[in-house]
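Look for chain A in each of the two complexes below; its partner is chain B in the first and chain C in the second.
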Partner chain A sequence: MAAPVLCRLWSGRRWALAYINRGSRHGAGTPTGSRSSGKREQSSVVQQPLITAEKPRKGEHEWAAVVGLEIHAQISSNSKLFSGSQVHFAAPPNSLVSFFDASLPGTLPVLNRRCVEAAVMTGLALNCRINKKSLFDRKHYFYADLPAGYQITQQRLPIAVNGSLAYSVFVGKKRSQVINKTVRIKQIQLEQDSGKSLHDDLRSQTLIDLNRAEGQLRVDANISVHHPGEPLGVRTEVKNLNSARFLAKAIDYEIQRQISELENGGEILNETRSFDYKLGCTVPMRDKEGKQDYRFIPEPNLPPLLLYDSASLPAGTDPQQVINIDRIRERLPELPSVTRDKLIQQYGMLPEHSLTLLNEVGLLEFFQNVIKETRAEPKKVTSWVLNTFLGFLKQQNLAVSESPVTPSALAELLNLLDRKTISSSAAKQVFAELWKSEGKTPAQIVSEKKLELMQDRETLEQLCHATMEQHPHVVMDMKKGNPRAINKLIGLVRKATLSRADPTVIKEILEKKLSA
Partner chain B sequence: MAAGTVSRFSGLLGRFQPQLARLMSSGAHGEEGSARMWKALTYFVALPGVAVSMLNVFLKSHQGEHERPEFVAYPHLRIRSKGSGRITAEVIEHLERLALVDFGNQEAVARLEKAIAFADRLHAVDTDGVAPMESVLEDRCLYLRPDNVVEGNCAEEVLQNSHRVVEEYFVAPPGNIPLPKLDEQEPFSHG
Partner chain C sequence: MKDGCAHVIPVAVVDLSFSSLSFAPCGGRQGTRTMLGRTLREVSAALKQGQITPTELCQKCLSLIKKTKFLNAYITVSEEVALKQAEESEKRYKKGHSLGDLDGIPVAVKDNFSTSGIETTCASNMLKGYVPPFNATVVQKLLDQGALLMGKTNLDEFAMGCGSTDGIFGPVKNPWSFSKQYREKRKQKPHGDKEDSDWLITGGSSGGSAAAVSAFTCFAALGSDTGGSTRNPAAHCGVVGLKPSYGLVSRHGLIPLVNSMDVPGILTRCVDDAAVVLGVLAGHDCKDSTTVQDPVKPFVLPNLTDVSKLCIGIPKEYLVPELSNEVHSLWSKAANLFESEGAKVIEVSLPHTSYSIVCYHVLCTSEVASNMARFDGLEYGHRCDIDVSTEAMYAATRREGFNDVVRGRILSGNFFLLKENYENYFVKAQKVRRLIANDFVNVFNSGVDALLTPTTLSEAVPYLEFIKEDNRTRSAQGDIFTQAVNMAGLPAVSVPMALSNHGLPIGLQFIGRAFCDQQLLAIAKWFEKQVQFPVIQLQELMDDCSSIFENEKLTSVSLKQ
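Now for the complex of A and B:
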C-alpha cells in the first residue's frame, strides 16, 4: 500500500504506432518517490488512444484498435495515504506498518492532506476538471497482500476527470520528424496500494511485506479491436508490463492477436493476460477466473472529500482543513510544454531539440548554465550539448549529474571556439581531453597540444603557395573545374598546418590564388 | 432551537399552572369553567407553541442549505433475483466465492431470501425525485491529516498475530486457494 497513485487516463481515438516518449517525467514534475504503506496511496491513470492498424488484411475492411492505459503512480509524501506510517523504499519488511496498515480491527483510515494536494496538482497539470466533491469506495477482492480484503479507492466519483495530455512522437527513419498527439484522460483517482508478495516456490509459500508494493510507476493496458462504425469489441487486460518499450510491444502483439482471432472466426474473451518478455507475446494469466466482481460499496469510514476554490471557500475555516484549488494552481511549477515553448521562442530551437533537452534529467539545467557563461550563439550551444555532450554521456551510460565536464568548462571551450581561437575539429579534441577529467581547463589543453588556430595570414598564404607548387597536377585539376580537387588541396594545406588553420580561410586563399 | 422551545413551553405552563389549578378546582362552575380553561390553554399555550415550532423549522431550513449533486449509481444496484424472490444456485455459488461465506444448508438460503424480502419493503417508499444519500456521514467534515510520520516501526507487534512468520515477513499460501467447484461439494438442493 504505497504512496498515492495517480489517476486513470483514457485518451482520444487516435494513436500512431510509434514510441511514447521514454523517460518523460509524469505530470507536473513531482518526483514519484514515496508510497505509503499499509494504506498506500495510488492514483491510477488510464490513457486510451485509438490505433488504426497499419496493414489491413486482404479482403477485410479496416480494423480499429482501442487501447486504454491504467497507470499507477506512487505519490511522493512522507506518510501514507490513510495512516501516519512512513513512506520509504527499501526498509526492513513490515517496519513501516501501523495497526491500520495491518488491517487490525478497530482502526480507521485518516486521509493525508498532502496526497489530496498531489492529486489536485496532477489533475490541474493534465487539464482535468477537479471534482469539488469526490467519494471513496471499497473494492473487495481476496489476496494475501491485501489484509483488509478490500482496497479503498475512488471508483464512482474520483477527484479529477476529463483531462488531456499533449505529447510529441518522433517518427521517420531517423526519428527526426515530430508529430503532436493528444490523449484523453478519463479520470484521476486516489487509491490504496497493496503490499508486496515474494513468492517462494520452493517451500510453496508467499512472504508478505506490507510496507509498500513495488514499482513507483506501473501500467496495465486494456486492448480491444473493432471495425470503425461498429460497437467496441471485447477487451483484454494485459498486466506485468514494466517499460514503455515492452508496453508498445505487448499492445502491438495483442492487437494483431485479436485481429487474427476474429478473422479466423474465433472470439475474444474478456480476460487478463500477462506479457511474456522472452517470447514477445501475451499469454492468459493462470488463476484469473472470469470477470471479477469487486462488490463496490461506499467507504463507510470516510465522508465525501470536499475541495474549494477561492470563490467558494467558506469564511473562518481552518486553513489546514480545507484545500483551495486556486492556491494549488498557483503553486504548480512550470509545466514541460511551457518550458519547451520558451526554449523555442528564446533560442530559436527546434521542437525536437527542446524535447530532448527536457527528457534527460538535468540536461536543461546544464544547458542553461552553459548559456549563462558563454557568448557563443544559442544554436551552437544547443548543438554541442545535444550532440557532442549527450553523445559522450550515452556512450558511457552516464547521467548528466555524473558528467566529468562541467557547464563552465564547456562554456569556456565554446568561447574559445567563438573567438576563433581554435577550429571546430580542435574543439572536439579538447572536449575529448576534458572528458578524461584530468583537471585541466580548455585553455590549458589548447596551449599544451598547440591547437591554436593559425592567426598569421601571411604564413598561411605562404603555406598555400608552397603546397600548390608541390602538387601541380591537383592545381591543374582545379583549373579544369573539378570541384573535388580543391577539397583535396585544402586537405593537403591543413595537413601542412597540422590542422591549425581554419578550412574556410584556406579555401578563400586558395581560390584567390587560383583566380590570380 | 428545540430545547429553547421546550423550556419556553414549560415556562408558559408554569405561569398558567396556578390559574389552571384555580380553573380546575372550581369544577363547581361546570362547563363554563372548563370551556374557559380550554380557551386559555388554546390561546396561551397551544397557539404560541405552534408559532414557536414553526419559527424553529423555518430558521432551521435556511441553515444547512446545500445543493445535492447528482447521484452516481453503482452499476450493480437493483439486481433482483428472478421474480419470486428465490435465489438461484448460481447466485449462491457466486456469493460464496465472492464473500467466502458458506451457505451450508437450505435453511441458510431461506434466511437470506427472507432478509432480501425484508429489505425490499423499502420500495414501498416513493423516492421519485429524491436524491439518495451517499452515506450517513455525508454531512460530516473529512479530516485532513498533516503529512507527518507518527506511527509504524512496530514490526514485532504487528507480526504477533500472524500464524506463521519468516524473518519478519507474514507467511501466506502461494496463491488464493481455489474453492472446490460446485459439483465437487456435498450436494444439497437449492430448491
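Now for the complex of A and C:
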C-alpha cells in the first residue's frame, strides 16, 4: 500500500528525520471538523548523539535548538507497497482496496518492486549507504483506520542510512548572500500507510477510507532546546505539518515556547503536539500517544529484503527477481546540485538564480527551451525568465505548465530585442500582449502595435532637431553642463517616436548635434 | 525438489499405474472393501475406470458425514458445493478430460483455511458468520484439480490446542473410540462400564480433519501445522499426517497462528496419497513471499526396495520420562526394523530440544498477539453491542470473541513484546530457536537422512482425562516431539505403526532435511509397507449404524452392548 520511504535527515544545527510515505494524514488534532488520526505516526525518534549548534537569535544567545524531521512522502507508483491494488489520486473512498488492504485474515503482504527501486534511488540521491539487507517490522496500535492493528515499517534495519543533503540558504539584507549547508539523513525506510479517518463530530461517527493514497508530503518535527555544552533538552514532537511554511512556523513557535517555558521555571514534557495553523501556535494533542508502546515485532511474512550490486549479484540470477543497486544508480537523473553548478558555469548565472530556476517545477526546462531558440545573451534570458515570466506567473498564481506564453514565443521576442527590432520597453509591452492574446506571435504584435524601433536615421535626426528647437532651455541647461538635461531630451524624443526609437541612438544623435 | 538434498536415495522406481484391478496395498488393506475404505489413489483409479462416478462417491461420503455427525468432525458441511463440483467432475470424466488424480475426490479442509463463499470460523465466536471472499491458495489448488470440497473441519479455537477440544463447536471425537478394535479391548477391562463418557480425543488442533479422514468421510484433508497440529491428531487417529517444509506450500488464505512456523498440513490414509496431494499443493505462490521460488513438479513416490544406504538418526533427547512404555517399545521396534533391513541406525543428539517448549511459548504468543490485533469488530466477524467509544467496543468485542486460551496467549505475547521485555524474552527466544534449528542442521550434516521419533507421548486419551489439565500444559505435552520441527522449518510425517494394547493407533514421526520432502515420504512409504497398520474397523458405523448413530443417546446405547 502506501509506499513510503522514511528519510531521517540530520544536520549540525537541525537534525531531521524524513520519511516518505504514501497517503495522507492532515490536520491532525485540530479541534475542528475532519481530523486525521495523528495518533500513530510517531516513529520512535531515537535521540542519538546529536550535534547541535547555536541558533543565535536576538537576545537569546545562551540557547541552542535541535530539530529533527520525519518526512513522510508518497512514492509515485502504480500500485501499493504491499498489495496489487491501484493507486489513483482522488479515487472514490475505499474503491482501491484489496483483501490485503482490508486486512482480511489469511492475506499476506507482497512487496512492490517499484517502491523498493524508488527507495534505493532516493537513498542514492541523498548520498545514503544502501543496506543490502533490510528488514520489515510490525508496529502495533489500535486505531480504526489501521485494520490490521499494526503497520508494516522498517524499524530495525531500514533500506538506507547515513546520508546527507546539501542545500543553500540566502542571508543578508537583499538575501543575496548564499550559505551552503548540509543536513544529515539518518535513514530512509519503507512504510505502509494507514487508512484515513474522517471524523464527523456532529454525528459522532468516523468514516474510514482504506485507499490510502492521497499524494501528500507530511512532516513531523522533533524539537528541543538546551544550553550549549549541556545535555540536550526534552523534546516535543509536532505532528502532521503539511507545508514548508507551517513547518517553519511551527518550529519557530515551538523553540520560542520551550525557551520561555524554561526561562520561567517551567519544564518541557516529552509530548506530541499539533500545530494550529489558524492561531499559529502548537498545542498538546489529546491522545497520549507519546506513551504508547508499539510492541515492535519482525514481520514474519516478508523475508529480509536483499539488494545486490553488480559485484555481489550471483551468477545466473533472473533480473526480474533481484534489484541491482548499480543499475538504479545508472538510471539516477542529474541531481539538482549538479544542474545548478552547470548553470552557473555554462551561463555565468548567479547561484541564487540557479536555485530559483530549479525550485519552480518546469521552470528550468522552460529556460532551457528558450535558450535553445534564441540568440539573446543567457543573462538576458535568465533575467526575462526569472523576473518578467516568473513575475507574471506568480501574479496570477499559475504553474509553469499553465503559462499562456510558450518558450518559443519568448525566444522570438528576445530575438527581436536582440536584433534591436524593438526596444526593451516595447518588449515588455509585447510580452504583456502575448500573455493576454494567445495565438499571436511577437512579430505580429509588434507590427500590429507599430512597436518597431525607428531604423530611419534621417527621420530620427529630424525629430531630434525639432525637439531641441522646441525646448531651448533644456538645451541651454545641457550646454551649461547639467548631465541630467540630456536624459530629459532623450525622453522627449522617445515620446515623440512613440517609444519606438533606441535611446542609445537618440543620445548619440543629440550629443553629436550639441557638439556641432 | 530443492537443491541441497545431498543424499538422494537410490531407488527402484516401480510403476504404480493402476491398470489392473489389483490395488497396491497401502497399509495392509486387503480383500473386498467398500469404495470409501479405499485410499485416494485407489478410488482415483476406480473413478478413471468408471467403477464409480464422482456423484456416487460424493453422495456416499455425504451420507457417511451425516452418519458420523456425532464425531463433530465437521463445522460446516458444504453439501451443495460438493454435489455441484461432483457434477462438473462427472462431465469431465464422461468426456475423458479428467483433471488428474484428484478429480472427483472428496476432500475436507480445516476451518482455518479461507474458502470463498463458505463460512470460515476458526472455531471462534470472533469469526462466526465470516464468509471469506477468496480461497486460500491450497484450497484453490485442490479445486483446480477437480477435488470435491465436502466441508470445513473442526479444530481448537484459532488452532490453539492439541486436543481439538477447545473450539466453540465442541470437541471432536476420535473415530477409534467406536472401532471394533478398541471396543473389544474395552470389554475386557473392568471399568468398561462408563464407556459412554469415555470417548477419546483426536488430538489437535487439526482433529476434525484427522477424524474426517479416519472415518472415511473424505480421502484427504487439509490441516495446519504450527507445533504438531497435523501430525499429532494423525497419530491419534491412525492416519498419515504430513507437515511439509516451511516455504514449500503457500500459506496464503490460512488464518495464521504463528506465521513463521505455520504450514498447511496434509492428512491421508496412506503415504502415497499424501505425496499426491503434496504434488498438487507444493510450489511458489506469488501471494506468499515466503514460498520457494524454485519450480516444483508433481512427483510419483518411488518404492524403496533397499534401505541399506540409509542412515536413520534416533535423537536421544526424545527419550523423555513421560514417554509411554508402549510408544517407547514401538519406537525401538521401528529402529530395529530399519537396522535389520540394512539401514544404518545411529543415536544422535539434538541438545537444545528441552528448550523448545518454552521458546515456542514466547514466539507463539508474541506472533499471536500481533496476528490477533486485526480482530477488532470493525470490518468483519463478531462485534459487541457496546458503542460508548471505539476503545470500549474493541475491548468488549475481543472479550466476547476469543476464548480464554486465545486471550491468555494475546496477553502473554503483548507482555513479551513490551519494550522493556523484548530483549529478555523475544530476542532470546529467537536465539534459542536458531540453536534448535542448528541442532538439526548439524545432525543432517553428519550424514543422517532422516530422524525417527515418536509423534506423541502416548495413544489418544479419553476426553475426561484430557481436560483435567489446562490447555497450556496439554499443549506442552502434546507438542513435545513435533514442535522443534516447526522451529526449524523441516518436513516431518507421522505414520501409523501399530495398535496399542487398548486397540488404539500409535504413530511414529520421520523428520527430513529441509525441502527433501520427497525423500522423507519415500522412507515413510517403505516403513508403512513394512508395518502393515490395520484398517480401522467401523463396519457397523459404515454399513448398518445409520439408525444407531442418528443421535447421541443411541450412540451411547450402542456402545454399551
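Simple rule for what comes next: the second predicted complex is superposed on the first by the 453 of 516 C-alpha atoms of A that agree within 3 Å, B and C clash if a C-alpha of one lies under 4 Å from a C-alpha of the other, contacts with A are read in each partner's own complex, and residues count from 1 in each chain.
One rule holds in what follows: a residue touches a chain if its C-beta (ideal position, glycine included) is under 8 Å from a C-beta of that chain, and two chains touch if they have at least 3 such contacts.
Since we're looking at a predicted model, the values are computed, not measured.
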Task: Winner by number of chain A residues touched, once chain B and chain C are compared - done: B
Open item on the list: Going by the contact rule set out at the top, does A:Ala166 touch chain B (first), chain C (second), both, or neither?
Closed with: neither
- [ ] Go through the superposed model and pick first if A:Arg138 touches only chain B, second if only chain C, both, or neither.
- [x] second
TODO: Applying the touch criterion given at the start, work out whether A:Leu232 contacts chain B, chain C, both or neither, answering first, second, both or neither.
DONE: neither
- [ ] Examine A:Ile179 and indicate which partner it touches, taking first as chain B and second as chain C; both and neither are also allowed.
- [x] neither
- [ ] Return first, second, both or neither, reflecting whether A:Leu207 touches chain B, chain C, both chains, or no partner chain.
- [x] first
TODO: Identify the partner contact of A:Gln320: answer first if only chain B is touched, second if only chain C is, both if each is, neither if none is.
DONE: first
Task: Partner chain(s) touched by A:Leu514 [first = chain B, second = chain C, both, neither] - done: neither
TODO: For A:Gln86, select first, second, both or neither according to whether it touches chain B, chain C, the two together, or no partner.
DONE: first
Open item on the list: A:Pro300 in the overlay: touching chain B, chain C, both, or neither? Say first, second, both or neither.
Closed with: both
- [ ] Could you list which residues of chain A make contact with chain B in one structure and with chain C in the other?
- [x] 99, 102, 104, 110-111, 140, 142, 144, 206, 208, 293, 295-297, 300-303, 321
- [ ] Report the residues of chain C in contact with chain A in the complex, numbered from low to high.
- [x] 113-114, 122, 127, 130, 132-134, 136, 251-256, 258-260, 286-290, 293, 366-367, 369-370, 372-376, 378-380, 390-391, 394, 414, 417-419, 422, 426
- [ ] Would you pull the chain A residues touching chain C in the complex into a rising list?
- [x] 99, 102-111, 138, 140, 142, 144, 147-150, 206, 208, 293, 295-297, 300-303, 321
Task: Parts of chain A lying in touch with chain B, wherever the complex brings them together - done: 37-38, 77-79, 83-86, 92-99, 101-102, 104, 110-116, 133, 135, 140, 142-145, 156-157, 197-201, 204-210, 287, 293, 295-298, 300-306, 320-321, 323
Task: chain A partner contacts - residues on chain B that touch it in the complex - done: 69, 72, 74, 76, 94, 98-100, 134-135, 137-155, 158-159, 161, 166-176, 178
